[in-house]
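In the two assemblies presented below, chain A is common to both, partnered first by chain B and then by chain C.
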Partner chain A sequence: MQGNRLYEGQKLALKYFTVAIVLFGAQLLFGLIAAIQYLYPSFLFNTLDFSIARMVHINALVVWLLYAMIGAVYWLLPDEAGVEVVGVKLGTLAFYVLTVAVAIVVLVYIFIQVGPGNEMTLWFITEGREYIEAPRWADIGIVAVVLVFLYNVYATVLKGKHSGILVVLMADLIALAGLYLAGMFYTDNIAVDQYWWWWVVHLWVEATWEVYVAAVGGYILIKTLNANRQVVEMWLWIEVAMMFGSGILGLGHHYFWIGTPEYWWEIGALFSALEPVPLVGLFVHVLYDWGKERGKGNNIKNVPAFAWLTVETFGNFLGAGVWGFMHTLPQINLYTHGTQWPAAHGHLAFFGAYVAIMISAIYLGVQGKAGFKEMKMTKAGWWAISLITVGVLLMTVSLTLSAYVQTMVERGMHGATWEGYFIAQANQWFVQGMGWRLAAGLSVIAGYAFLVYDLLTVTKKQPAEVMEGEAAAQAA
Partner chain B sequence: MENKPTSVWTSNRFWRRSATWITGVAAVLLILLTFDSMGQMKMGTAEDIQNKVTKRIPSPVVINYKIDYVLDPYRGHEVPIIGGKAVDSATGKVSSKFEEKEKFFGRDDWSEEEARALIHKGKLTIQAKNCMDCHTLLGNGAYYAPDLTKAWLDPAWGSEGPLQAMTGANSKEEAMATFLQNPDKYPTHERMMPNLGITPEEAKAVVAYLKFMSAIDTNGFPRNFGKIKGAVDARK
Partner chain C sequence: MEYYLQDIPHTDFLHIFVVSAMIIIFGMGYAAFFTVVKMKLLNRYFMIAAYLSWTIQAACMYYLGVLLRVEPYTQKVLIGAMVGYLIFPHIVYFVLDKVHRRYEHEAEINQI
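Showing the complex of A and B:
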């Protein structure tokens, strides 16, 4: 019963998942360093400064999510299409190329850090553009790897079945890949620079990634709850309409203060206010359907994956939706922009919208590898999901407290001067928030340790009835 | 395989078409708005300044001029003013006079080419040193260090500000450039700036960029900046 029925594409997915989890650990480690530096600024000063810790923290997050996303697609692609992934060898080669490139980029980030102010630095050390700091050689490499991935997805779907989930993914992935190109040029005009930079950052995170998550979430619901495919696919299209309908022009909420024309105030306010709407529809409908049939032998097929999907649904709504809406209107954003508000929102939004569902997908992979029809939650699994989720929520609330103080003192009282900035940063309430953030971060790291342990051992710790049921199913 | 839908609202085909149309319309609108925004965000030229034409992103030669950030009652928020302020008595609208000069590293006759070369080097340096992973520029970036959007106008660097006094320099630009080259020698705060190996040329270019950036029209961000005592156009 050991994984002999896996598609080659699914074996490749497991490779992506493994690197994703390792990078997740790197993200948490460098986040911890940055959080410590907020409280003890001399920690690693002039050795590994906040700028570097923060850059690795965020880049590791983005890259591990991309690894997990590619992995999840390779996992569901042959299953949905009903055929082996076309060009799986090419995909494997791309995986190794990407991993070596990521390793080089990270080593350069940590050991070389910065360069002289010229074009060579942008090509080989860092582009210094928040979130997409990767040097240009790596950008070109990423595009090449993504093209291989796109080819594999398209060729496989065209050969096999065209399910609604796959059609949405095909359309979405081409947009995701194309948008990356908007962040690959240099201009002296910082307003124009920021304008296009948001095409990558916003249109990824608040449009293409959201649609991606909806598609993968639909697949996970089918796998864990036997959800009705008709219902899932209908909701998927509704979500695509609402997410792209709100997310594309919701881009405007980043265009309030960067030198853009004033009409972006209205456009950004309206469309970004609509963004929270689509976030829970699919899940609630399917859960309702499933609830009606409970007790008729329709068990949850993978409890950890389902639990993480639940965290995703409500984390996404709270973090991306509620915390985003709190400061999205220009009247409020004028004061909160560039404070800890976005940090509070960002932590819960990324966790809720993307981290949780990717862990869910990884649990599906673990289950599939072991070949179990059902998988129960273990004690370590409960500790992992509890410590991580509560930790991130507490982190968000702490940062919100600090943000509130910063906004009132620095922006309200001192008009955003440097003096006001430092007075706010030294305020005891601000500092206390940062302290709670660090404590909450430690909880997340403890949860991560449980998560890694659980992913490695969950299939060995299944209760006897699941194992027996599995054995019987195998025999039959 | 598809069941007969009982109504249009549960028809996958209807929702698929809606999704396609909505996405298409939103994308087309975004592209049209982008064309318009790009036109308005084009960097100005020295000629614009000679003709007293205000641009959202002005020519780099603004480094030759005095820059203010004052409340425009007509627009309801602060706007950058280059080379002195003119007020329209009928509407209260304020505009730049492009007259009052200010020396930048001892000169107020930087040519367009020289000024462009400076801000080119300045922006490259800002990227090469990862400034945005501690500071915010136009409000974007990290929040570990102060916002640089209007740093040039900040009273801390002014003639009576603590930071200029600390470096022992005689002008704002020299104080900033001195600080940037050896930030760990000048502890401004418990949270210090690390030494990034910034050369004298790079420091000068970065300061030019900061001055240029302070003249970008950011729709009133940061709010109230001009009203604070000691800042530009303060209520005395």
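Showing the complex of A and C:
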């Protein structure tokens, strides 16, 4: 950002952020539909079945996070490199191609839903692989768009300054883009197929995305708290060392039923529990440094972004760390696999690790667009962060209670039989947990409404001293 | 090395989930007390609370191993992880201290 003037790359970032927030709404809406269908199975039966609502819910999550991630990189890239993004026009073209492709895929999911089990379905409707269901034409399109994005990042950094944050991002984005290829081919053997599918799903989420959020989190800490760059970069390298270690070795905790030696399960469980440690370390360290200098004019430069980053740090620890460890050890996972335990862990971990930090990055974009040097939290902003965070925590606890009943009744008492499955589903404690999950979902939806309102109005509702300060700065 | 997981009685499930959550929470307690004492925000005697948290965490880990009926190899891995966790904050603090000394020293040189 040059004064109040944005780089072209940052204007492109704002486009990505806008689509991301819209898709976030779609994710919540379809999650709500799926939650209702859990309690009332006839709801939208044969119109929008549970399998489709769940698929759109999950895919919208993955895609909006990718949009926000690309947007955040385009936002920080020219700022860190000190030069305009190379190939902005190409990047803009890629943005529109991706958005049209996503719109077509979503419409096909909603209106066509299923096809015959042949190549046509794989190419044009859905690949049917959880989390990465996009049809093959869209897969190829995603790879093309990501290649444009990678070119822009590399060409810009090579032309400008090479900060530690950018170097980590460059290495990480290669892995993030390359791993997607592992989910684009089929093998006849389902165990081998699952093995490669995990390479995308796990290594994306638990290695490349974690390193990515650490880099973006470091940048946000520099922007909001004026964090020392050397401290941030030192933690980033610890993150890289641990994340690629813990991310890759942590992969082992998924290797059930595919014939790998059992020691992989133990190794996977222990290393995956270590993943959130560096991010918490970075945050605490920077906060401590900031606290030492507090009261000397070093105000938080963007309170909403900082608040969401705080939620991210501790949400990541609780969701990925505590809830992850509670069900990831193989001796436990043998019973909890496929129950509501992974759902409880997944909701809090995704929210804590990725959703909150992307909202934080979007607030940074809103501040930059308005050209404010400082931005305070509004009432709507507080309602948004409170309703969404409390809603997700309540959702996690509700799912955990249902999961406990489900695991004990279905797996422990009835030996994972179909009969056990249905007995557990009908258990009153299980059903009550699902009811509370739905109530929590409504809280999140209400929080989303406040969030959208706040993003649109936050710069107009800044306190008088911030507005006056900006006017004085501009006059000078 | 091949072995097979032992069946776990369903009456142990609740203990397993609670004790595994305790491992992370006391682990956080160890890291938190250690950090706060090193930051000099708390008296250094509170380091006792840090090591007490680690001890409870290690005991919880041992109890979890018992509940899960783990094999000898896993027992060694779990205990190794606890010893590693005991050492880890000391290494991190050492690295942080080095970094601070370096950049604060650089800042002094720049001021001169």
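To be clear about the criterion, the second predicted complex is superposed on the first by the 463 of 476 C-alpha atoms of A that agree within 3 Å, B and C clash if a C-alpha of one lies under 4 Å from a C-alpha of the other, contacts with A are read in each partner's own complex, and residues count from 1 in each chain.
The rule is simple: a residue touches a chain if its C-beta (ideal position, glycine included) is under 8 Å from a C-beta of that chain, and two chains touch if they have at least 3 such contacts.
Owing to the predicted nature of the structure, the values given are computational and were not obtained by experimental measurement.
Look at A:Ala191: by the touch rule set out above, it reaches chain B but stays clear of chain C.
Look at A:Gly281: by the touch rule set out above, it reaches chain C but stays clear of chain B. In the superposition on chain A, contact of A:Tyr7 is made with neither chain B nor chain C. Contacts of A:Met234 after superposition on the shared chain: both chain B and chain C are touched. With both structures placed on the common chain, the touch criterion links A:Leu329 to chain C but leaves chain B unconnected. When the two complexes are overlaid on their common chain A, residue A:Phe17 makes contact with neither chain B nor chain C.
By the touch criterion defined above, A:Thr260 reaches chain B but does not reach chain C. Taking chain B and chain C in turn and counting the residues of chain A each one touches, the greater count comes from B. Of the two partner chains placed around the shared chain by superposition, neither chain B nor chain C is touched by A:Tyr74. Shared interface residues of chain A (contacting chain B in one complex, chain C in the other): 230, 234, 238, 261-263, 267, 334-335, 411-412. On the side of chain A, the complex with chain B involves touching residues 37-38, 41, 45-46, 49-52, 54-55, 113-119, 121-122, 125-130, 133, 164, 186, 188-195, 230, 233-234, 237-238, 240-241, 244-245, 248-249, 251, 255-265, 267, 334-335, 337-340, 342-343, 406, 411-412, 414-422, 425. By the touch rule above, chain C contacts chain A in their complex via residues 1-6, 8-10, 13-14, 16-17, 20-21, 23-25, 28, 35, 39, 64, 68-70, 73-74, 77-78, 81, 92, 95-96, 99-100, 102-103.
Of all the residues in chain B, the ones that touch chain A in their complex are 2-3, 10-12, 15-16, 18-19, 22-23, 26-27, 29-30, 33-34, 36-38, 40-43, 56-57, 116, 119-134, 136-144, 146-147, 150-151, 154-156, 163, 184, 189-192, 194-199, 202, 205-206, 213, 216-228, 231. On chain A, the positions that touch chain C within their shared complex are 228, 230-231, 234, 238, 261-263, 266-267, 270, 273, 281, 284-285, 288, 317, 321-322, 325-327, 329-332, 334-335, 404, 407-408, 411-413.
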